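In order of appearance the chains are A, B, C, D, E and F, and numbering begins at 1 in each one.
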Amino acid sequence: MELLKRILYILLYPGLIYCVIGGLILAGIDRKLLARMQKRIGPPILQPFYDFFKLLGKETIVPRNAAKKAFLAAPVIGLISLITVSLFIPVFKFSPFSTYADLIVVIYLLTIPAVALIVGGSASGSPYAGVGISREMVAIISYELPMVVSLLAIAKKVGLALNNGVMTFSLSQIVEYQAQNGPLFTKLSIIPAFIAMLLVIPCKVGSLPFDIAEAEIEICEGPLVEYSGAPLAIFKLNHAIKMLVMTSLFVTLFLSGAGTGILAIDAVIQFILMLVVMFFSITLLKAITARLRVEQTLKFYWTYPTALAILSLILVYFGL
Amino acid sequence: MSNKNIKVKDYIIKSAADFFTPIGLVLGLYIILHGHLSPGGGFQGGVIVASAVVLIYLGYGFEVSTKTFKPNVLKKSEAIGALMYTFFALLGIFYAANFCRNVFFNVGNPGDLFSSGTIFLMNAAVGYKVLTGVGFLILLMFGLLANKEE
Amino acid sequence: MTQHLPILSIITLFIGAFIVALIKEKNEILRNTIVLIATFLSFIFTVMMYKPIISEGNILTYWMGNWEPIKDWAIGIGLEVDQLSLFFGLFISLSIVLSALYSFRYIERETGKDKYYVLFLMMSASVMGFIFTGDLFNMYVMIEIMTFASVALTAFRNDRPEAVEAGFKYIAIGSIGSSLILLATVIIYAQFHTLNLAQLAGELYNNYTVTTIFALALMIAGYAVKVFAVPTHFVAPDAYMVAPSSISMLFSGIVNKAAVYGILRIIYVVYQSMNLPSMQFLLIFWGTVTMFIGVTMALAQHDFKRLLAFHSISQIGYVITGIGLTTALGITGGLYHALNHTLFKGLLFLCAGAVFYATGTTDLDKLGGLAKRMPQTALIFLIGAFSISGIPPFNGFVSKWIIYQASYEAGYAPVTIIALIVSVMTLASFIKVAQSAFFGQLPKEFKNVEEVPLSMRIPMWIMAILCILGGIIPSTVTKYLITPAADAVMNSAKYVEVMMGREFASKFYNNLGNAPIIDYKLAGYWQPIAWLILFGILLLAFTLVAVLGGFNPKKFSYADVEDAKYDVFYSGESAEFSHVGGSDLFWGLKYQFRHYFDFMHKIHSGLVNDYALSVVLTAAVILLYVFTFVR
Amino acid sequence: MKFPYLKEAVKSLFSKPSTENFPKEVKEAPEGYRGKIAFYPEKCVNCGMCIRVCAPGAITRTIEKVEDGDKITFQFYMGQCTFCQLCQDFCARKAIELTKDYLMIAEDEEDLMVRGTFIKKAPPKPPVPPAKPATTATNSAENKKEEVKSE
Amino acid sequence: MLLMNYITCIILIVLGLYTIVSKKNLMKIVIGMGLLDYGINLLLRSIGFKAGGTAPIFTINELDKSSFFVDPVPQALTLTSIVIGACVTALALALVVMINKHYGTLDTDKVRRLKG
Amino acid sequence: MFEKLIQKGLEKSAWLYHLNTGSCNGCDIELVSVITPRYDAERFGFKIAGSPRHADIIVVSGPITSQSRDRLIRTLAQVPDPKVVVSLGSCPRSCNVFNGSYCVEGPLDKYTPIDVAIAGCPPKPEAIMAGLVRAVEILKEKRRAMK
């Protein structure tokens, strides 16, 4: 029975089906909202589904220069690691597998899709992809610093309260702390980290001001330039699920709380909060900014968000 | 060594080499063999013996010294010397003691030449290894110089 | 038999070296057989020590020539193998076997093979001797033989000017390092009139005088030169780059590790100085600087092996940081990373060697697209690259994460942050290698490149599998290898007690220490099997959907024929060779840090005087630091 | 860091979109739009002016002899037209008109053709023996050249 | 008397290091390495010396901290150290010869193909 | 079921790849105006893709100049099946005023069959959208034929 429940979790709620459907709906809402902000009607909310199924029906071409196996395996590896991450992120207090993974495992698993994108692009053998993967890598280097520092701040903050000062990266402990003391973003010391994380999400997801890697106008979508058909569909799916996972991680880290204890209601609340986060960090930013250059991205992330995150870390050490 | 065809640069050096080579050889061998009795031992003796190579080179030039001491033989001999040493050292293990243990040490009276078991043999092995090794080294270096002169 | 194992595992290699010297150069089969037998026997002897030492917790001591201590005074030369030594010995002897196996084909086109194998075996034997010895002067002798053989092997391809140059630089810098170690040894001997490590440990316990501190500073500086910590690292990339790959692997896998072992032995067991915060700070700071500078320099390289060499420096920085943290977790992380570094760096060097064997060059600007011609090598390379970048589920992830956790728990938050950034930069530079060597377009001159022979692939595969295993079952590895070694590091009293006997240690120590208990309860890396199973289930589900759901696999098209459809997209231009090489892959990053990179390039001047000066200055700074802060 | 469009984006999020609902309500083209050509064959006198002024040569004329005159077919190929309106302007009899119909989508070439056929009654036959050779204006450029020469 | 030894060996070591750091000739660097070695060897010899001590030929029963003879261990160590020093010098010289063959110079400023 | 979904997807989301083969840029501007808020082709799922590998509909504008001919052929070959070629404006259909120029290599249908032609010089954005909607029908038919 327990096993069956586990498999159900894996395949159904925080797992495969939820990720695919939730991610695609999230992406659809994102596109719709963006369109509305640009005074357009915009595509239907189910548009990402259509894109996905259309791409599944298309021919898959493997270019002659490509390393075939890496080229085809990369998207699948990325997708699966994303879904695995999704299983580890608690929905308020409900966490089917969270004890097996903590924050750093989640963060590391979240780099796998980026690495998969890089390896896939690299394997396609196109110079556009070469430029794209270099940009993707610089983006990773950019956002990793503020993200890590803000996570360390959270770990210390939670550890000070629950573990006698020994830091914790356990997601369930972070949720527990928030259940006891209210959401983390209400704490004075965490607010800079909150903002920094909010700024990290668009780059992690690869949305507009920081989508330097997949700039379709400049470099023909960078690493994806040679992909077609089903692998491309999976990459697009990855993109959507990354949005879902990042926002839900963000909600768990900063906006989580006691919850109602009923899974269905919690899930809906979580999803609404995710939508709010997505609106502010992805959609709004996408609507009002233009694409940055690669070294501008690096400069941006290593100045403002890093400064905010370090401020947060210092405040935590002062016990605020 | 008394080959008349060899061109000798300087007869003084040649005569000196002729004179000192046997002395060096004997002294070196003495030091090797009495390593367990008096200060000295395989290494020091070996180096003194190897100085004969230098003397011959100085007196007769590179060709004669390579003819006298064949580099290949020297090289192989060095390995043989090392193997001999390890063999004598391993004897300790065969005789149910530790590595490098001196076995047969109760043969002969203390102070005699043949008195200290395998230490004597080890000394000889080291001496052999060093004299060949250093000799080879010296020949090699002279060889580099000789090639350069050409 | 058991008591003779330490000496046997050393002497086998020496005997092998001497026998190989006797064999004619052309007789390859006999020579290879002897090399293989010697290395393998040594490995077997080392493994046989596992049961008495790690399983049963004993410590083997071995007095050469039965010269046992008299009246608590060690007069003979002793070997002592405790858990720490054996831990190092195990993976070192393994990598020796693998390197030997790899060498047979790799080196076949060179001349002077007999010399190669003699030096190879001498180096291996000296490392084993260094690890197992219990005598301070023996450590010096062994590390000097090691340096000597390393230099000769560095200059092995002496028809290349670079090789000779690197050899000279290595011996000049290395001899300064050895001299520092020797000087320290001399000073310690002058103070205590003994060279036995255990006896020294007893004498030095809480006994800091000016002389001993002076010796300590020199010791640290000397081993830092051998470990290639940062201001003394300049020769490492040169030497690693020009040496044959099987030797580069041993440089980073065993020579470096031997020096790490030396540092551990000196500061933890002989001096027991790691309870001083100033010593911890020194090592942590040093390790952090080392890892950062190593990785940033690696980003700027365009030669495969030179890049790997800089990474080697960087990863050693992790190890030093780990062992500098002093907590049980930190030491565990450091030792685990040392093990992992041997595996994945050896793997990567072997990959570089395979590339060199197949194409004749390691210049990343000339390579490209080799994954099509050498698929297995490419796969192995990717495993190694992901391991070193700390991507789950490979072994680098586990050890790096232990180090992060340990450093953050110890209150060194900046160290944690830098370590993470370094990890990302490591990934970046390996992406660069992957892109410019294995993926992308295949240059015309490499059209007929073939996969390397089986005997070269076997060692690579063994290491790759070990890399994966180390990531999947970290709890097992830790339980059966790392924790005993960490125990041995933390409880030096036991070492002293067994070596000197007759309750020698209890004169100095109050208690003989207990095994540290580490709480892994909240660490997610600890059960990677759990999420790997998830990974597997998802993969299965996904495949099922893909197979059953009409993914139309029929319409999957791939061809190797000249058809425009399968060309790479060049905005419609006809296919031409336009490969994005390694040099210009990260211009965005390099542009932002151009002042830093300019400065670093100026520092790595290639001038042997500068390198020597930096070593001398390092020694001076450490002397100053130690005299100011260590009391 | 400035975000000049922040206000506008939020404002337009809550206002009506400015998108036209195209396929449901097809807007009429503005005044003066030059769209698909309409040809009124009953007005045409076969003067050939339109063929002469057409730059891309989209207008072709075929003349067939029938019993009581010539059966003349004007053919306007929309796939070649630049919609410059010169033919309309030059047509003295207003037989050509550019309508506001802009939805010219075709899967087939034929759908883009606008044709008009009329029979020009032959004038009462004068006794002039050599009749002009039947000019099938397939290539207007050639025609022009000839005429330039003749002028 | 012994102080003189110590001063000399310190001078030798410092001179050796100075030579390695400042001299631009490869041969001189090798000489510097030699100087460094000799300094340490001298130190090693000096610490075992006891004024008026006898030669260290004894039986095992006489071994004591208060025995009055020259410490034999440093002598053995010095010997080993000399052997190693000789080997290192030999190897370094061989490399210098090779460098001279490849580069045609002994100037360190010109022997810097590996850098950056 | 899957086939149905794919058909639906093809209907609702067709990505364009715009290929300028020597056009005067009139048509290109009109094509861009299709994705502006006023016309907003995205509500039908049309999107301009960056690479021919992602595209379903190739929109060709301009007569085929000798410079662009090889590039056209190569790019068309690189589009995965099913694909639809749409000629935008008069030029690809018949070379328009450029007909007979020394550097024009004839109309598009010399090299590939044109599935949908949108006439106009340039066509109005509405016309382009109508043409694309027609192209989607053909796309679905082609997918059916592929099976």
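General observations
By definition in this document, contacts are C-beta pairs under 8 Å (C-beta built on N, C-alpha and C of every residue); 3 or more make two chains touch, one makes a residue touch a chain.
What you see is a predicted model, and the numbers here were worked out from it, not measured in a lab.
Any chain that touches subunit E and also touches subunit F is listed here: C. Taking the definition of touch as given, a chain qualifies here only if it contacts subunit B and subunit F alike; those chains are C. With respect to subunit F, maximal separation of chain centres occurs for B (centres as means of Cα atoms).
Contact count check for D-F and C-F (C-beta pairs in contact): higher for D-F.
Of all chains, the one whose mean C-alpha position sits at the greatest distance from that of subunit D is B.
Inter-chain centre distance (subunit A to subunit F, centres taken as mean C-alpha positions): 35 Å. Subunit B and subunit D have Cα centroids lying 111 Å from one another. The distance from the centre of subunit C to the centre of subunit E, each centre being the mean of the chain's C-alpha atoms, comes to 30 Å.
Residue positions of subunit C with contacts to 2 or more other chains are 555, 565, 567, 569, 571. Shared interface positions of subunit E, defined as residues touching 2 or more other chains, are absent. Among all residues of subunit B, none touch two or more other chains. Working note: touching chain pairs come out as A-C, A-D, A-F, B-C, B-E, C-E, C-F, D-F.
Interface residues of subunit D, counted against subunit F in their complex, comprise 17-20, 22-23, 26-27, 29, 33, 35, 55-58, 77-83, 102-107, 109, 112, 141. Put simply, subunit C touches subunit B in their complex at residues 3-4, 7, 11, 14-15, 18-19, 21-22, 62-66. Put simply, subunit A touches subunit D in their complex at residues 33, 35-42, 284, 287-289, 304.
If you check the complex, the residues on subunit A that touch subunit C are 7, 10-11, 15-16, 56-70, 76, 79-81, 83-84, 87-88, 97, 100-106, 108-109, 111-112, 115, 118-119, 122-128, 130-131, 133-135, 137-138, 140-141, 144-145, 148-149, 152, 155-156, 166-170, 173, 220, 225-226, 229-230, 293-295, 297-299, 302, 313.
The touching residues of subunit F, counted against subunit A in their complex, run 2, 5-14, 37, 40, 42-45, 48-51, 53-54, 56, 78, 80-82, 143.
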